[in-house]
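Letters are used for the chains, namely A, B, C and D, taken in the order the chains are written, and counting of residues starts over at 1 for each.
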C-alpha cells in the first residue's frame, strides 16, 4: 500500500467530485440554454474524471473500496479536495470565476501529470487534458466577456474574484505527500506551477479588466483534510444521502 | 396494534417535526433579535410535541420504534405531515403566514383533542394547547402587523397568503383514518374544524387588510403520504443525515 | 385558393414544407404553438430530473442523468431553432413560457420524490414521449421533422436507461421495490394523460392531421403505449395501479381505465403539484441571468466595434 | 479631579457604578466596546451552532441545541440592554458589527464540521467563556454585572451539556471517537486564544483592571482554563494536541504551549476560516429583515395614531 499515492489520488479525485457536484447544482437554471448545456457538460467530464482518480485510489489502497465507496461513504474529514472546489455557487459570475481559477490550475497540473512516472496517472491525465483544455477556454472566455461587459457584470466579476482569491493559494502549497510524489517522479511540486498559473491568470484578468487582489492570504485545510469549510458537510448530506440511507442496495 | 391510531399519531407528530425543522432553519438569521428568540422558542415547542406524538406512535405500533427511530429512519413516503408544513421558509412573511395558518388549525385541533377518549392523547393535547395558544397569538399579531404595515410588507404578506392558500385545504380533508378516529371518539372529523378556522382566519385577515384567495383548490397527498412535494426529500437529507450515516451510534 | 390547394397537395403527396415556402397562417401558428410547447417541455423537463442529480446514488448514475438532462437542453435548442424558422425568436417564446401564456407538457408538473422516479420518468414519460414523437419524424414541416429525427434517437436511449433503473430497483432490496412500485403508482395516470384527452374532445385534431403536424389520434397512441408498457410492468414484477388493466383476447389489446381527467384539467389550469415551483424556477433563472446575458452582449458589441475601428 | 477620584474610590471600595452616576469618558467608551463585543459574540455565536440544528442526531439533542441558541440570543439581548444604559442604541452597535468596525469573539470565525463540534463548543468555548465571565459578575458597572449573573448561570449549564455530548462521542463508536478527537484538535488552540494575547502585549489591561471592568489577567485565566480542561480531556480519553501539555509538580499547574498567535492576528484581520461567511450571514439577515422591521414599525405607528385620534 502506498499511502502518499492514495492521498494524492484522493486529492485529484475529490477536487473533480466536489466541483462536479457544485457545477451540477446549476442543472436547468443557467442564464441561457447554451450555458445549461455547457455546465452539464463540464460536470459530466468532472464526474468521469472522478471515476478514474478515485477508482485508481481504491485499487492503490487495496481495501476493496471502489470509486463509489470512496465518494459516498467518507465523511468530511476524509475528503481531500481544495477548499476552492467546495465553495458555494453564488451567482453565475462566482461559479464561472471559481471554474476559471480551478481550470487554469487543473490544466497546468494535468499537463505535468501527463509526464508522470506512473503510467496509469499519465494516461488519466492525458485523457483529462483534452476535456479540461476546453473547460479552461470556455471559463476564461466567460470571465473576459463578463469582466469586460457591462458595469454590473464587471462589478460582479470583481467581487467574485475578491471573494475566491483567498482559496487560490492552497492549490500551490506543498506538503509531505507532495514531496513524496515529487521524489517518485509521480507529480510536480505544487509551488512549481505557480509562475505559469500567474502569467495565464494575469493575461486573462487584463483582458477582463479585472484587478487581482493585493492580499495573498491563503486559506488552507482542504487538501490535507485538516479543516474544510462548513459548506462541504452540507454538500455531503445531499450527495451521499441514498448510499447512506440504503447501504445494502445496489443501483 | 391499532393502525389508524398509529397513522393519526404520525400525522400529528410529523406536522410538528417537519414544521419545527423548518422554523429551526431560521436560527440566527431572523429580522430582529426578538424574532430569533421567538422562532427558536416555537421550534423548541414543536420538537417537544414531536417527542410526545411520535413516542406514543411508537408505543402504539409496538415494533420497538421510538420517536427518534420514527423521525430519523423513515423515507418520504412514510411521512404523514400536511404539505403546508414542508413548504420552504421563503421570506420571513411567508414563514409567519405558514405559521399562522398552521397555528390556527393546530390550536382548534388540539382543543378538540383535549377532550379525546384516549387519555394519553388528551394529556398531550392539553400540554400542547398552552404552547400553541402563544404561537397562534404571536403569528396572528405578526400577520396583522405586517399585513397592515408598509406597502411592501402588505404586498409580501398577500403574496405569501396566495402562495400558501392551496395548502390549507388539506388540513380539513378527512379519510378512513379520520373516520376511524371519529368513531372511537379519539379525534374530531377534520371537516368539522373548518367553520371555526374560517371565522378566526377572516377576523385576522380583515385586521391585516389581506384578501383571502377566491380559488379553494387544495393540494393533497401529505397527510396520506401519497404524494409529498419535492421539498420534503431535501429536508430529510439534512434532518436524517447523522442517523443514516452512523446507524450504530448513540448520541 | 390555389396556394392553399397546392400546399395541401404537396403535403398529401408526402412532400416537405420548408421555411421559405408559402404556408397558411393557421399552419404557421399551430406549428409555432406545437414546436414551442415541445421546446418548453424539454426545458422545464430538466427540472424534475435535475432534482435528483445532486442525490444520484452512484457516479455512473449521476453521469448518465447529467448526460440525459444535457440532451434535453439540446433538444430544446433544436426545437427553438425549428420554431425560429417560422418567424418567432427564442426570447419571444421564452417570455410566453415565463408569463404562463404558453404551456409545457403537464407531466413535468409532477414531483420526483424518490430515485425510482428517475426510472419511471425514463421508462414511462420518455416512453410516452417517444410514442408521440416517432410519427412526427414524418411531419410535413421539414425543420421540425429533421429535429425530431435527432431527438427520437436520443429519447429511445433515455427510455432504455430509465427501464434499466427500474430493473435495478424492482430486483433490488425491499425498500427499492417499494420505491419502484410507488413511482409507478404516481406516474401511471399522468403518463396516460400525456397523449391528451380523447380526440372527440380535442379542438385542433382534424386540421392538424390533414396538415400532417399531428400524425395519429390521441387514443390510438395511448392504446399503443399501454400495449407496450403493460407487459414491461409485468416483466418488472410491478403492478399497474389499474385493476382493469388486462390483456383482452378479443381486441388483441390491453384494456385500461381512463386516467383522472379532472386532475388533468386542474394541472392545465395551474393547479398541478409543481406548476408554481416549475414556473418560479424558470423565472428565477431568467431574471437572475439577465446581467449575464447583458454582459456578454455588451462585450460582444465592444469586440465588434473594436474590430470595425481597426479595419 | 475630585469626580474621578471619588469614582475610583467607590470602585476600590467594591461599590457599583449605575447608569446615572458620573463616570469618566474612557470608562464609558471601554465598557461600550467591551459589552458591545460581548453582545455581538452572542449573536454571531448562534451561527456555528445553528449550523447543526437542522442536522442534530436526535430530537432531544435538537431541543437542547435550540434551547442553547435561544439562550445565546437572550444573552445578546441582556447585553445590548446593558450597553444601552451607556447611551448607545442596539441599532448603532449592530451597524458597527455589520460594517466590521466592531469585533466579536474570534472563536466564532472557526467552522463547525461535525456533530462533535457541538460538544467541543460547549465544553471548550463555553468553558473558556465562563472563565472570562464569572469574575465579571463582580465588575464595577452595575447593569453589566447583573447581566453577567444571569448569563453565567445559563453558560455553565451549556458547558455541562457540551461535556455530555463529548462523553457520548468519546465513549461511542470508532467514528464518534474520531470526531471527538478531531474536534478537540481543531478547537484547542482557538480556545486558548479566547483569553487574548499575553497581558504584556495588551493595551487596555492596566486601566481596565483598575476600573474593574477586567478582573483577571489573560494569562492567569488561560492557565486556569488549561488546569481545568486537561484532566477533563484525560477523563474523556482524548489527547490534547500539545505534546508539552503535562502536569508540572513544581508549579502545581499544567504546562502548555502557546497557541499560534499569528493565526490569531490573521483571524482578527478578517482572515479566519469563516469571517466572511459570518459577517455575510448577519448582513444578509439584517438587509432581508429591513422590510419586516419597517412594516412592524409602520403598523405600531398606525395603531398609536388611531388610539390618539380616539382619545
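What we mean here is this: contacts are C-beta pairs under 8 Å (C-beta built on N, C-alpha and C of every residue); 3 or more make two chains touch, one makes a residue touch a chain.
A quick note: this is a predicted structure, and the numbers were derived from the prediction, not measured.
Least step count on the touch graph, subunit B to subunit C: 1.
A count of contacting C-beta pairs for A-C and for A-D identifies A-C as the more extensively joined pair. Between subunit C and subunit D, the centres computed from C-alpha atoms are 57 Å apart.
Subunit D has its Cα centroid 36 Å from the Cα centroid of subunit A.
Centre to centre, using the average C-alpha position, subunit A and subunit B are separated by 42 Å.
In subunit A, the residues that touch at least two other chains are 75, 237-238, 241.
For subunit D, residues that reach two or more other chains under the stated contact definition are 55, 175. Taken pairwise by the contact criterion, the protein chains fit none of the simple patterns, being neither a path, a ring, a star nor fully connected. Contacts between chains, counted with the stated touch criterion, involve the pairs A-B, A-C, A-D, B-C, B-D.
The touching residues of subunit B, when paired with subunit C in their complex, are 75-77, 163, 166, 217, 219, 221, 226-230, 232-233, 237.
Against subunit B, in their complex, subunit C makes its touches with residues 48, 51, 55, 111-114, 175, 178-179, 182, 186, 266, 271, 273-274, 276-277.
Of all residues in subunit A, only 17, 21, 24-25, 27-37, 40-41, 43-44, 47-48, 50-51, 54, 67-68, 71-72, 91-93, 142, 144-146, 148-150, 152-154, 156, 238-239, 241-243, 246, 248-251 touch subunit C in the complex they form. Against subunit A, in their complex, subunit C makes its touches with residues 43, 46-47, 49-50, 53-63, 66-67, 69-70, 73-74, 76-77, 80, 90, 115, 165, 168, 172-173, 175-176, 281-282, 284-286, 288-300, 302.
The touching residues of subunit B, counted against subunit A in their complex, run 75, 234, 236-238, 240-241, 244-245.
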